Structures are given as structure tokens and as C-alpha cells.
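What follows is a set of structures to go through.
Each of the next two complexes has subunit A plus one other chain: subunit B in the first, subunit C in the second.
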Partner chain A sequence: MANNIKLSHMSHWKTVPYKQIDNFRDYYYEDKSNACYYQDWDRILRYHKATGYDGIELAPWDLAEILGLFGTPAEFTAFAKDHGIEVSGMFHGCDDSHIPEKHDEVVAAGKAAVDTLKAFGGKHLNTCPGNNFYGNGPLDDAGLRTIASCLDEIGAYAEANGIQIGIHNEFFCVTNKENHRQLIELTDPRCVHYCLDTAQVVLMGDDVIDFYETYKDRICTFHWKDTADLGVPDEIRYAKDVEICDDGHRWFWEPGEGLLPMEELWKHVAAYGFKGWVTIEDDGSPDYLAAMALSSYYMKQVLGKIYW
Partner chain B sequence: MKAVASYGIVNADTSGPGAFLRAAKWYWDELTDMFAAAGFTSVMIPMVVNTENVSRNGAPICTASVKTRFGSPAGYLAYLNEKGIGNVECIGVTAQSMYNSLFETGLPMEKFFDGFYDYAMDAAEALKELKGSTLLASPTPGIGFLRLAFDGDEGKMDKFLKDSAECMNRIGADVKGLGINLAIRNEYWTELRGAGIDSYMELLDPAKVSFAPDPAHLHIAGADYLEVFRKYAGAAKAVCFTDTKFTDPDGVYQTISPEFPQDGAAQRVYWDLGYGDMDFAAIYKILKETGFDGPVLLESKYSLDIPKGILRLRTFWNRLEKNYAKEA
Partner chain C sequence: MKYCFSTEVVDLDNQAPNRNKRESKYFWDELNHLMAAGGFTRIEIPYEPKWDFGGRSGIPRTLRSVTTKWETCEKYLAFLKENGIDGIDCVHLNPSLFCQGMLPVYFGASGHYGEEAIQFAAEMGCKSVTLSVTPPYFRVKALLGGEIREEEFLKETKALVEKLAASAKEKGLTLCLKNEFWGLLRGDKITAFLNELEGDVKLDLDTANLRIAGADVKAVLEANKGRIGIVHFTDTNFVDTDETWKTALPEFPAKRPTKVFTDLGEGSVDFAGIKAALEAAGYDGPVVLSPRNSNDISRSILRTAWFVKNL
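And now, the complex of A and B:
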């Protein structure tokens, strides 16, 4: 297998309460269940390595707990490295970026996120460009430009610090089907890249192959996941609290379990010769360990035969 | 006495992998059915501060989420009634939740108790609509967190504790107007740990604020929990039942991970009711002898197997009542 692709996994385990469970056998006997298998970073990082991942992408909402357990980003990174895992990146949300009065605050938060990721040794700051559509959209051109100016400033700072920010749009985001491509055009290609979330773009109603071909020069990394919803109606995407469905409907599936043309898209990736991190994101799965294994199998045994 | 099952059995983040599931409404729909199927007609809900991140979820653990999904607390009560749950007897509010929300809300520490007051009153107003009786409040964040916030300045921490008492008196007075009681909880990792509750209660107006003792938290902090129950049961408006085998020899209460000890021989704090070391038969007897007739909060905190944990709550309570009747 060639070595153009490094596989990472977005951490959706939520709060992991322990760094390491030392008394694993005793803990098991307390409940005689599998709970102790999912409570510490030591084992979760082992699962990353065992299922074929090279990296982990951090979630910012976990940082307080991670730093509580490890003290510093460097300690976490060293611990992960001991398990054969690198920090590939971190997610970031540019809330309020469409509000001109919030510009400085949003840029400061973005720069702080860059600093944090740098301290973890990561490369990709995958950045949701704004709030949810509900309560904030639709945006006019001025609103889009306001977001773009925030991204440009954060992006310039990131480049200077060896970090790449990648726009990570979401299907319920304030920049949406009608204008998400326009936002990309408004940003500086020298310092604002794109993290292609394969499912989010399709959920918005865009064509993922066409999108890739159009923006392949801007795409610095991927959130690779599947979906069975090809184009969600406006009234759903623009409604309140869309991401976690009340009835349990899943927007996202492990690669190969949905309807996306994964192999076709991968052939385009291969033809372009993309090199770098591809991150599996399996939010919504009821069993992350199984999801990690299923996803890794698909990436390496199905897509890996096309390109790796 | 009225057995009230606590939704605190779920830790949305740590009760097994798959936290997204526990954030969805359908999960709580099924959970509500399970509590009713286990014979509980009254529940307690620990509620967190309304923040965007939590409010967007379907878990009924903040008033914003309840209002989004059910229109109002009264709408939520109608939903619960339909499922066989008669009321929400108690809502819990904690200074730790308030502290955790500061990062997202940007509220400074100087405004901490203004925010806590608003959070508590919002919960109390919901509780009134939910036909409940008691607002349970934990008045300070963890000691480890406060030391961080105040750079270990004991003077500032003392002042914070006194300010918290003032805030509790204010909340206590105002929830009375809603027909709600205010009762204090004392987690072992907060400033009110163990026997510290005695001096704290002296700062409070007994006409407005009572104490809801909890054996596990008292025991971990080294207090004689039976003695504390004897002292406070008579005036209590509610009591809390949590079980443990943990004793905290390493002083984990001072850390910022007090409920999940990172070192030591025992790394698990809470146990399903009936599986730890607390002598609930003795506590039950004390409550009977003092004529306590309020809600007993059954909290198998952070159970590792939620459906089994709910059934264990019922088994625990049935056995307790049966064994007391046998002895009597």
C-alpha cells in the first residue's frame, strides 16, 4: 500500500472520564459489563491504532476535560504518540462571524484555537464558518463578506503558525446551499482552505463530485462519511435543532453504509493525487468501536485498492 | 415517604459510548417508559444551565430544551402523564453546572450568583408547572475548580461561600412564593462537604432553606451519615439516596476530576443503589422514626447500565420497604 493517505478519526466519544484505568480487572468485576472498555483514553487510543488509524481529530468541547486529565496539550500529544497516534487536527466553530460587531471577538477566538491546535501538534483547524441557519439566515452578501473577512484573518494567522484552516460547512449552517460556494470564492485561497465533509455537502443538495472537481485545489483534508439523505429539503435544513433528530433519524453513516458514490469520488481524489489526512467522522453511530473498524475496513480494503 | 426516581442515573457524556444517542429525544422517550414500567410515578430531573449546546438536544435536562420540544413545562407534564409519570417532584440545580457554563456564556465570576439565581428561579418556575415540591440546589462548584478560579486564595473562597449562602436565602425566599421548597445538597467535592454543612446551615434561614442529606456524599467526606440524618431528618423537605463504596483516601475531592478519581485503588465513586456500602435500612428507620414523609430521591448516579439500573432502583426500594415492614 502506498502512503499518500493518513487516516484519522474525529473524536466523538464525548467526555472520556479517565486518562487510564489502572485497576481494569477490578473495574470490570464491579459491573461485569463492557463499560470499563470505554472509559479511559489509554484504551480508546489503543482502539485507534488497532483499527488502522494514524491520527485523532480533537473536538473543542472536550478540551476542558482533556486538559484536566493531561495538564497540557503536549502531555496529551505525547500520550497519544506513545500509542502510535498523532493529533491531525481540531474542529472549531466561528459562531457570530456574520455579525460585524463580533468580528474582533470571532477572530480572537479563532486565533486562540490556532494556538491550541499548534500546542497539540496538529495541522488542520476544520472550521465551521458560522452559526446555524435557524435564527440567523438567510445571509445577504454583506453577511457573507463579514464571515469571509473573519476567515481570512484567522487563516493568515494560521498559515504563519503552520496550521491550515479548512472551511467545514454543515447542512444546517447559516452559509448553505445557495451561498456556500460563494463564501469559498470570497475567501483568500492562499490561507483559507477547505475541509470537504463528504456527507454535509450532499445533505445540502450539492453534487459532491462536481464540488470536488471545482475546489480540489482548495481542499486540504476531508471529513469522510456517508449519508442516505441526498439533498435535505429547505424546511428541514433551516429548522431549529436539526442535527440531532428527535426521532433518531441518522444523517450520517459509516462509509459504504449510505448512498454516496464513494468509489467514484475516491477515483477523482486519486486522479488529483491528494496527499494528507482523511478523517473518518461517525457521529450518530451507536457503537463507536464497531464504527471505527467498519470505516477503516472500507477505506483500506475498498477505497485503498483504488488509491492510498 | 415517596420514592422519586432520579434522571441523574444518566451521565449524558460518560454512560457508555455513543453520547449522541443520549442527547436525542427518542432515547429519553424510551427512558421515560422504562421509569414508568419500573413502577415510578414521580421523577427528579437534574437540570443544567440553558446554553446553546445543551438546548439544541432532545434531553429534557434544561428548561430551554423542554420548551422547544414540548412548548412549555406544562406541555412536558402532559407528555409525562400520558406515559404514566404523575409529576416531576424535584429539579436539581448545581453551582458546578453554572461554573461549567461560564466558558460558553462569557459570564464573569463576579456575576456568578446573579446567574445562579436566574438559573434556579427559571428551574423553580418550571417545577411549579411540573407539579413539583422541591428545588434541590448544590451551592458551590467543586473545590478544585474554585481554587483554579481564585488562584487558591482562601479569602476569596470564603467570601464566595458566604455569597452562596446569601444567594440561597434569596432563592429560598422567592421560590416560597411559587409554593416550592428549597433544599441544599452537599456533594463531597464542594465547599459544603461532610460536616461542613453544619456551619453552612447556620448561614441560612431555616424558614426558607432546608438540607437534603445524602449518605454517600457525607460518607466519602468522612462524616457520620447516620448521625447527620438523625440531626436533619426532622426538618428535611427531601432526602437523597446515593450509594458508594468509595472513601477518598487520596483527597480526590480537591481535584478537578473529583467524581472520576484518576489514581488509587478505586476509580469508581458511585454505585447503583443497594450495591454499595451505605446502610439504607438504618437510614430508612431514622426517617420513619422522625416522621419524615417527603420525597426520597433515588439516585444511582452515572449508572453504567441504564435500563438495568432503573430496574435495580425498583428492586432496591421494594426490598427496603419490605425489610422494614418485616422488622417492624
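And now, the complex of A and C:
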């Protein structure tokens, strides 16, 4: 395989409470279940390497525990490197970015996230541009410009520190079907990039192929995942607390398990000659180890035959 | 003994296979049937605003969640009754979540969500609301810039507790204090703190937490006879030989991974002796059954039913 693509995995494992379990056999015998297989970073990182990943994208809500276990970002990064894994990036949320009075606070939080990611040695700060639509949308042009100004400032700071911020829109986000492209146009292409979450864009009702072709120059990385819901109605996307469904319905599936035209999209990625990190995001899976393996197989054995 | 079952049996914080379904409402709806089938018709709810921030209102652990899904607490209580749960005896707030950033933020958020938990408990018809009296030692130390200034922290804690106790009293509730083994008031240190408080504040006697902290549970009970507000039966085999209580994740001993808490009956706490001591002390309030080895929730419910049957 060629080496244009590096495969990462977004860390949706909830708190991993141990750095390393040395007494694995004894610990297993305490309840003779598979729980101990999912409780230390040593094994979680081994699973990344064993299933074909080169990187991990960190979740900011895990940082307090990670730093508690490792002491410093550099210690975690070195530990991951020992397992053959790099930190590819980190997620970040720009809550309240549409509120002018919150501008300085939002930018400060964004810059702090850049500093954190830099300390972990990552590259991509994949950034949700704002709050949920419910309770905040629809936005007018002024609201969009307020978000864009936050992103521009964080982006400029990021570029100066070797980090790329990429807008990561969610299907329930305040910037949505009607204006998410407008937000991209309002931001500075020199320092605000785009993280294409393949499922989120389709859930919003956009055409992922057309979106890619339109913004391929801005797309710096991907959250690659599938969905079986092509265009979720406004009344659902704009409702309260829609990310997790009451009945257990899943918005997201492992690549190849949903309905997205993955191979067609990948051919466009190949034609453009994209080089860089592609991150599998399997939120919603009941079994992350199986999801990691399934996703990696699809990326390398199905899409990898087209381009890698 | 009047037993109630803690829905803290569901661990949302730590990774486990099939953990994600625990964020959907259907999981919690069915949990009521499982608890009722195990013979438990009264429950405790851990009050966890953490899930509000992510819009996880399928998890019925806050006022926001319950009012999002059922409009009012009254309607939620009616739903519980239709599904085998007669009522809620206790609401527990652990404010450790807010122990980050700056000291005023911790006390401000703890006060805000403490008031909210009290309102929730009152609307749910509880008699008691219980508060983890301090966050873990490690977190407090980090919050204070790496130096434990215990006197200063406990002085502000006292003011917080007294204010919440007054609010609880206004709503006909009793505020109780839980002193986990990882906190600043671990073990029998809680007794002196309670002695200094103004207002009606009682002890939440948590068996495993007291034992891990090295306290004699029956001695703590004797020292606080007359002000036991709620009892938590928790079990353990853990002996803290290397100050695990001071570490970043004290319920997960870094040097020697093990289950700090077990399901009830799987550990070595002397429940028969503690039960007899509670009866001798005239305690007639609820005893919250809290199995804490919760990777298999249905198994934990049935293990607890077996434990009660054989106690």
C-alpha cells in the first residue's frame, strides 16, 4: 500500500481508569469477565496498533483523568509512541461562539485547546463551531459572523503554533443545513480548515460528494463514519437532546455498515490526492474493539484498494 | 430494615463493553423492571449534572433530564409507579465534578447544583438528600495549586453545608453527609466536622467507605448515634496499604488494579453486626443497597436480592 493516508481513531472510550494493568491474570480472576480488557491505556493502545491504526484523536472530556494517570501530555504521548501510536488531534467545542459578549472567553478557550493539543504533539483541532441548534438557532448573518470571527482568531493562533483547526459540524448544531456552507465561506481559508465528518454532513441533508468537491481545498482531515439516515428532518435535528435517541436508534455506523457512498467518495479523495489523517469515529458502537477492527478492515481492504 | 436500591449500580463514567446503551432512555425504562423483579421497589438516584452538559436527558439523574422527558417530577413518579418502583428514598450529589479550575467555581457550582438536587429530592418525595462532603484529596490538592490547605477548604465546605442544610430544612428534607474514603473527611474525621456544624445535618453512614478509610464502622455509628440520616450498605475487600486514597483515581488503585468496591455479599464487611448495631441504636430510616461492581447490572441486582434474603 502507498502511504498517503494515516489512520486514526477518535477516542470515545469513556474514562480508562488505569495506565497499565500488570496483574492482569489476578485482576481477571476477580470477576472472570471481559471488563478488565477495557480498563488500561496499555491495552487500549495495543488494540489501536493491532487493528491497523497509526494514531489516536483525544477527547477533551478525558483529559483530567489522562493527566491524572500520566502527569503530563508528553508522558502520554511517549507512552502512545512506545505502542506505535501518534496523537493525531483533539476534539474541541466552541460553545457560545454565536454570542458577541462571549467572544473573548470562547477565543481564550480555543487558544487553550491549541496549547493543550500542541503539548500532546497533535496536529488537528477538530472544532465544533457552536452550540446545539435547540435553544440557540436559527442564526442570522450577524450570529454566523460572530462564530466566524472566533474561528478566525483561534485559527490564526493555531497556525502560528503548527496546529490546524478544522470546522466539525454536527447535524444538531446551531450552524446547520441552511448555513453551514455559509459559515465556511465567512472564515479565513488561510487558517480555518474543515474536518469532514462524512456522516454528519449527510445527516444534515447535504450531498457529501458535492460537499467534498466544493471544499476539498479546505478539508484538512476526516472523521470517517457511516450512517443509515440520509437527511434527518428539521423537526428532529432542531429538537432538544437529539444526539442520543430514546429508543437506542443509532445515527452512526462503522464504514460499510450504513448507506453512504463510501467508495465513490473515496475515489474523489483519491483523485484529489489527499494526504494526511483520516480518523474513524465510531460513537454509538456497543463494542469499540470490534468497531475498530471492522472499520480498519473496511478502510484498508475495501477503500485501500482504491487509494491509500 | 427498610431497604432501597441505588441506581448508582449503573456506572456511566468508566469504560465497559455495551456501556453506550446506558445513555438511552430505553435502558433506564427497563432498569425499573429489572429492579422490581429483583424485589426492590424503592430507589436512590445519584444526582449527576454531568449528563446535562452533553444533553443526555435519557439518563434520569437530574431535574433537567426528568423534566425534558416527563415534563414534571410528578409525572416521572407516576411513570415509576406504573413500572414497579413505588418511590425514591434518597438523592445523592457528589460535587467532585466541579473540582477543577478555580476554588470559587467549585463552591459556586456545588452550591448551585446542591440547591437543584434538594429541589429535585423534594419534588420526588424524598426525606433525605445526601452530599459527598468533599471531593477526592487529589482533586482538592490540584485545585489548590498542589498544596492541601485543609483548614481553608473545610471552612468554606462548612459554610456550603450549612447553607444547603438550611435550604433542605425549608423543603422538609434532611441533609446528610457522605464521607468517601478518598475525601478530606474520611473515616472518623467526619464526627468532629459534624460536631461543629450549625443546623440539622446528619451522617450518611457508608459501610465500605468507612472501612477502607480505616474506621471502625460500629464505632462511628456509636459516636453519631441519633444523627444517622441515611445508611449506605456498600461492600469491599480492599485494604489501602499504600495511600491509594490520595491518588488521581482512588477507586482504581494504580499499583495494584483491583475492584475496590464489590457487590454486596462479595466483600468482607460485617453486615450482620452493623445491622444489629443499627437496630440497637434505634435507626429506622432507609438503608440504601449499593452494589458497586456493576459491569453486569442484572447480576448485581440479583446478587443484592440474595444478599438481603440471607442477611
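The rule is short, and it goes like this: the second predicted complex is superposed on the first by the 308 of 308 C-alpha atoms of A that agree within 3 Å, B and C clash if a C-alpha of one lies under 4 Å from a C-alpha of the other, contacts with A are read in each partner's own complex, and residues count from 1 in each chain.
Basically, a residue touches a chain if its C-beta (ideal position, glycine included) is under 8 Å from a C-beta of that chain, and two chains touch if they have at least 3 such contacts.
Owing to the predicted nature of the structure, the values given are computational and were not obtained by experimental measurement.
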{"item": "Joint occupancy of subunit A by subunit B and subunit C, clash or fit", "value": "clash"}
{"item": "A:Pro138 touches, of subunit B and subunit C: first, second, both or neither?", "value": "neither"}
{"item": "Which superposed partner A:Tyr38 touches (first subunit B, second subunit C, both, neither)", "value": "both"}
{"item": "First (subunit B), second (subunit C), both or neither touched by A:Pro233", "value": "neither"}
{"item": "Partner chain(s) touched by A:Asn23 [first = subunit B, second = subunit C, both, neither]", "value": "both"}
{"item": "Partner chain in contact with A:Lys14 - subunit B first, subunit C second, else both or neither", "value": "both"}
{"item": "Contact residues of subunit A, present in both the subunit B and the subunit C interface", "value": "13-19, 21-23, 27, 30-31, 33, 35, 38-39, 64, 68-69, 240-241, 243-248, 283-287"}
{"item": "Residues of subunit A defined as touching subunit C within the complex", "value": "13-19, 21-23, 27, 30-31, 33-36, 38-40, 64-65, 68-69, 132, 240-248, 283-287"}
{"item": "Partner subunit A, residues of subunit C touching it in the complex", "value": "12-21, 23-27, 54-58, 68-69, 100, 138, 247-249, 251-252, 254, 256-259, 293, 295-296"}
{"item": "Subunit A-facing residues of subunit B, complex", "value": "12-14, 16-21, 23-27, 53, 55-58, 68-69, 103, 256-257, 259-260, 262-263, 265-268, 271, 304-305"}
{"item": "For the subunit A and subunit B complex, residues of the former touching the latter", "value": "12-23, 26-27, 30-31, 33, 35, 38-39, 61, 64, 68-69, 240-241, 243-248, 283-289"}
